[in-house]
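One chain, chain A, appears in both complexes that follow, with chain B as partner in the first and chain C in the second.
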Partner chain A sequence: MSLELPAAGSPRGVLAIGRSVRRVRPIILPIVTLTAVLLLWQLAAVRLHIPSVLLPTPSDIAQEMWHALPLLVDQAVPTALDTLLAFAAAAVLGIGLAIVITYSRPLRDTLYPNLVFFQLVPKVALAPLFVIWLGYGSPARVAFAAFISFFPVVISAALGFAGTDPAVLRLCRSLTASEWRSFLLVRFPFALPAIFSGFKVAMTMAVVGVIIGEFISSQAGLGHYILRAGSRLETADVFAALVALSVLGVALYGAVALAELGVRRAYGRR
Partner chain B sequence: MSTDKLAPSIEVNGVSKVYRAGTAAAVEAVSTVSFTVPQGQFVAILGPSGCGKSTLLMMVGGLEAVSSGRLIVDGKPMTGPRTSIGVMFQDPTLLPWKSALDNVLFPVRVLKRSIADHRAAANNLLQQVGLDGFEHKRPHELSGGMRQRVAICRTLIYDPDVLLMDEPFSALDAISRDEMNELLLDLWQQFTKTALFVTHSIREAVLLADRVLVMTRRPATIVEDLTVPFARPRSMALGENREFNEICRHLRERIEDGHGRSRAPRAGTTTRRHEAAR
Partner chain C sequence: MTRRQYSRRRVLGPAGVTLAGLAGGLARPRLVFAQNKTPIKFTLPWVPEGSDLFAFTAKGMGLWDKHGLDVSVARGTGSVAAAEATGTGRFDFGMAAAPAAILQNIKGLPVVALAACQYDGTMGIGVRNDGPIKNPSDLVGHKLATTVTSGEHPLLPAYAAKAGFDLSNVTVVQTEPNVRNRLLGEGNVDAISGFAVSIMPIYAATGVKAHFLLFSTVGLVNYGYVLLTKPDRVASAPQLCAAFVDGMLEGLKATMLDPAEAMRLFFQQVPEMALAAQAKEQIRVGTGIMVYAATNPVIKANGLGWIDSNAYETQTDLIMRYVAKPDDKRPTMDSLMTNRFAGSVKISAAEFDEAQKNSEAFRTFVT
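Entry: the complex of A and B
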């Protein structure tokens, strides 16, 4: 019985620890997993004497990254710029076409089924066509990346505009609001979550598009860097560029997520 | 509202609404309805659901086209929505991302009037409906009754001459509904406007309105035009009044009679109770 006394205070302490563990678990668990995988990789590569051309160790890659960092940053710049340009073009054109589809019944009937059809076509296969049409420069890569990231924007924006609460649109009508006014004040803000989920997919697709473009037509950029390092069997270099590319991809995606937060907050506050 | 109160505000003259006209599936939602509402009068349209009363209201608001007949509001034939007419719908239809205050100011923004000029009035209205302290709450943080109060304020902020209300309290629980009725009675003392109030609650109609029009299904038309004799200001206590309950009973019989007639071929007989009641 005497044992119960000191134990009486501790359940609360245990609970508190449990609660804070549960709170940080979503952050801790992935990091622990990643670290474990890297450790295993390192161990396996060393113990099994895997040649570094086939699979360099994480420490080799880290070392390579450290050496090549200025070069990698240098190569990331054109990739990032092309991606942003392609994304911007896809966003503007996508929303524009979604507006047209929303307000014109005949155009919706004509275009929408084709858009859905094109969404299903493996558009990556069309990359060589863009080189034929636009040459070996940046415009071909931007155009191709914009082309493949444009579809998710149109489709999700069109769905968002169409999904606007019809009761609120009727309210706008009863207030004699013009179409443009009710678009700005109601339809657009209503569609924002859908538009941003389209944007997130589009940003990912834009990175993919630019890298493919760089694979087939470039003298610069991370895609070109990966291809060149691969052809020289500098595997650690390939991995270093892949890490850089992942960081770039996460940063660009994060930028879209941040923009969404900002836009939503701006709409909410006003 | 300075003009003669007896001047007609709403004139409905032989108005019908037919959906899918000219086809085999044509449906007559409203059948040659006629009535006038003088300025400043509160008229309830009472009827079972699906009798076309909401369609009638939407036609008066210019949100639905008239199939035949004439519809005049404030001396001008209806051709479309007007800012002198305010419509309250069954749902509060608030913008979920805006605060209560910003939702009240929504018509001001739509009509490109000055927000700054209306902010004080909006706060005032929210206070009058008992929502002071809730100005900055979003709709999802408010109860159903509170949301409908915001919707009332939103209709009053741009000061329409005619108010059209389409079963605004039908989605609320009984207690909130009583509260809203009381609130509407109170507001009516201050903002005397012409009002058309669609409801399927007999007691709500008699409590709120100066006049009750009973609408039936098949034909979707008005079968009774009853003047409610109670003076204003009224309160919820009116519900216990004997005459009040007599009127409610009479109206119920008129509605049941409308039902009975539509079912007559199957039921075989028609109830005649209302004849005795009259």
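Entry: the complex of A and C
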């Protein structure tokens, strides 16, 4: 027996092509759009004779990236480490606070309005104070980044915990399950999608927080590199560092997405 | 009804007046007689403060109006941004620290320096009066806070070389400007680098006893603010450039000779500055240090605004060596500066002495 492939012109063939196009569209479309934008940018910068100090061409930036790649990797390391530390702190503090808010109504009434109030404070204005309070080293940057990124974790986790199906919780109580076991086996898995939504936002905010921290005070890092290149009017270098920063941000976001996949699979198997 | 009689006198009289007027108009700069003043957009390098206060003196005393200009003064966000905004034509004229203007030329966005306003940018090392740093070499083994975007930052190795100490033996901490200023004020670092004309007024007004060891004292040339425009404006509108520069330098001279009156005019135009606590003291000290930096013997010999081309060339050497990239092209001196419009506002020996006397009290802030 031989395997017969559907002919291209047949209805089954058209359906198969349509499915393939739909499958690759999310990858192809962004790439095509990005390429078109870069081409337009290159053409406009060259045709309009825009000085590279104002707007370097994508080819200039690519060249600069190639030259500065080892240096950019070096600078990305402290930024990535600070970001991971800040994210970890935000995740632990955020989930801890969400648990407290979920289980204690008086504490929720006390803390929740204040959390919202602090969220509305323009936190960038507070960044210099972290350096004054904690010194000009890594702790100030990590603390500031954790401060701005923990709020989405608290809110998402609290909503996730509160959104657990009440019928399932009643069933747990009727089966005399302890609060801890109910939390671990019901509330937490139910809240996972919400928690990871918060984590994804928190990770991007942690990157931003660390970069702001590096702008305020740093000896190394991509934020430091951007400041230094900007002050010397090396605009292509600034763009190269921004590209490196975007790659780092996407990688860290991707790590959270992968972790979500792993955790949800692990809970799904139980 | 009377019939009009046309005599030769009646016809030739007004015609003669018209011709005389036209001839006079051609002989003098056109702008002086313009009925409608030429609108000019000018950007400061930074917020209105003592170091750029003379622009408000020029405006407040109507010195630009006298030259047929209606100048609108915009606040800046730093010398680099001011030079860039002037180079791209968003402003007709700008004022920026000389190193920023030179660097921008190197990077391919040309601006020409039309006049120097300060002959010492007051770049230096700020230290507490009661601190351990008495001389530049005392920095070794101590903490120095610096701002990577500040103009003096890339020149720190040049300063160390000139002053004879090894910068690698100094703990250099990079911070944002306000944090840097606070770190020294609160004693968290032993020194900071920056511009005395911007930082000392804050310390003086808030009671921090400090002073600056200037880069210039070890022979590191650093011009302060220069007036800038695009090269094509110099070629196409020289009268406009002359009128603008003259008005500004007349304002600078008036400020040097009567700082108190200049401050009065400043607060009249920027009333919100008077709202800030200690603002008057800040402006007073800033103006005093600015007058100190502007009172250079070169203006006695050549008039205000004159740029010493040798000094400017030395400064360009420094920028090429310590700030530019190895493959950057060095611009010609002609493309960087011109003395075509400087020197028409003179200062007599007596006036020079008067200006020096006015800045005497502020020399203790800069050594």
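The rule we apply is simple: the second predicted complex is superposed on the first by the 251 of 270 C-alpha atoms of A that agree within 3 Å, B and C clash if a C-alpha of one lies under 4 Å from a C-alpha of the other, contacts with A are read in each partner's own complex, and residues count from 1 in each chain.
Everything below uses one rule, namely that a residue touches a chain if its C-beta (ideal position, glycine included) is under 8 Å from a C-beta of that chain, and two chains touch if they have at least 3 such contacts.
Keep in mind that this is a model prediction, so the values were computed, not measured.
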Given the superposition on chain A, are chain B and chain C in a clash or a fit?
fit
Touch test for A:123: chain B only (first), chain C only (second), both, or neither?
neither
Using the superposition on chain A described above, determine whether A:186 touches chain B (first), chain C (second), both, or neither.
first
First, second, both or neither for A:141, with chain B first and chain C second
neither
Should A:54 be classified as contacting the first partner (chain B), the second (chain C), both, or neither?
second
Quick one: is A:132 in contact with chain B, with chain C, with both, or with neither? Answer first, second, both or neither.
second
After superposition on the shared chain, which partner residues are touched by A:165: those of chain B (first), chain C (second), both, or neither?
first
In degrees, to the nearest 10, note the angle that opens at the C-alpha centre of chain A toward the centres of chain B and chain C.
150
In the overlaid three-chain picture, which partner chain does A:177 touch, first (chain B) or second (chain C), both, or neither?
first
Please indicate which partner A:264 is in contact with in the superposed arrangement: first for chain B, second for chain C, both, or neither.
first
Give me, in Å and rounded to a whole number, the least C-alpha distance separating chain B from chain C in the superposition.
50
Chain A contacts chain C in the complex at 51-54, 128, 131-132, 135-136, 215-219, 224, 227-228, 230-234
Within the complex, which stretch of chain A touches chain B?
165, 167-168, 170-177, 181-182, 185-186, 189, 264, 267-268, 270
Please name which positions on chain B make contact with chain A in the complex.
61-63, 80-83, 85-87, 89, 91, 93, 95, 97-98, 102, 106-107, 109-112, 138, 158
Which stretch or stretches of chain C touch chain A in the complex?
80, 84, 88, 103-104, 107-109, 145, 148-150, 153-154, 172-176, 178-179, 182-183, 186, 188, 323-325
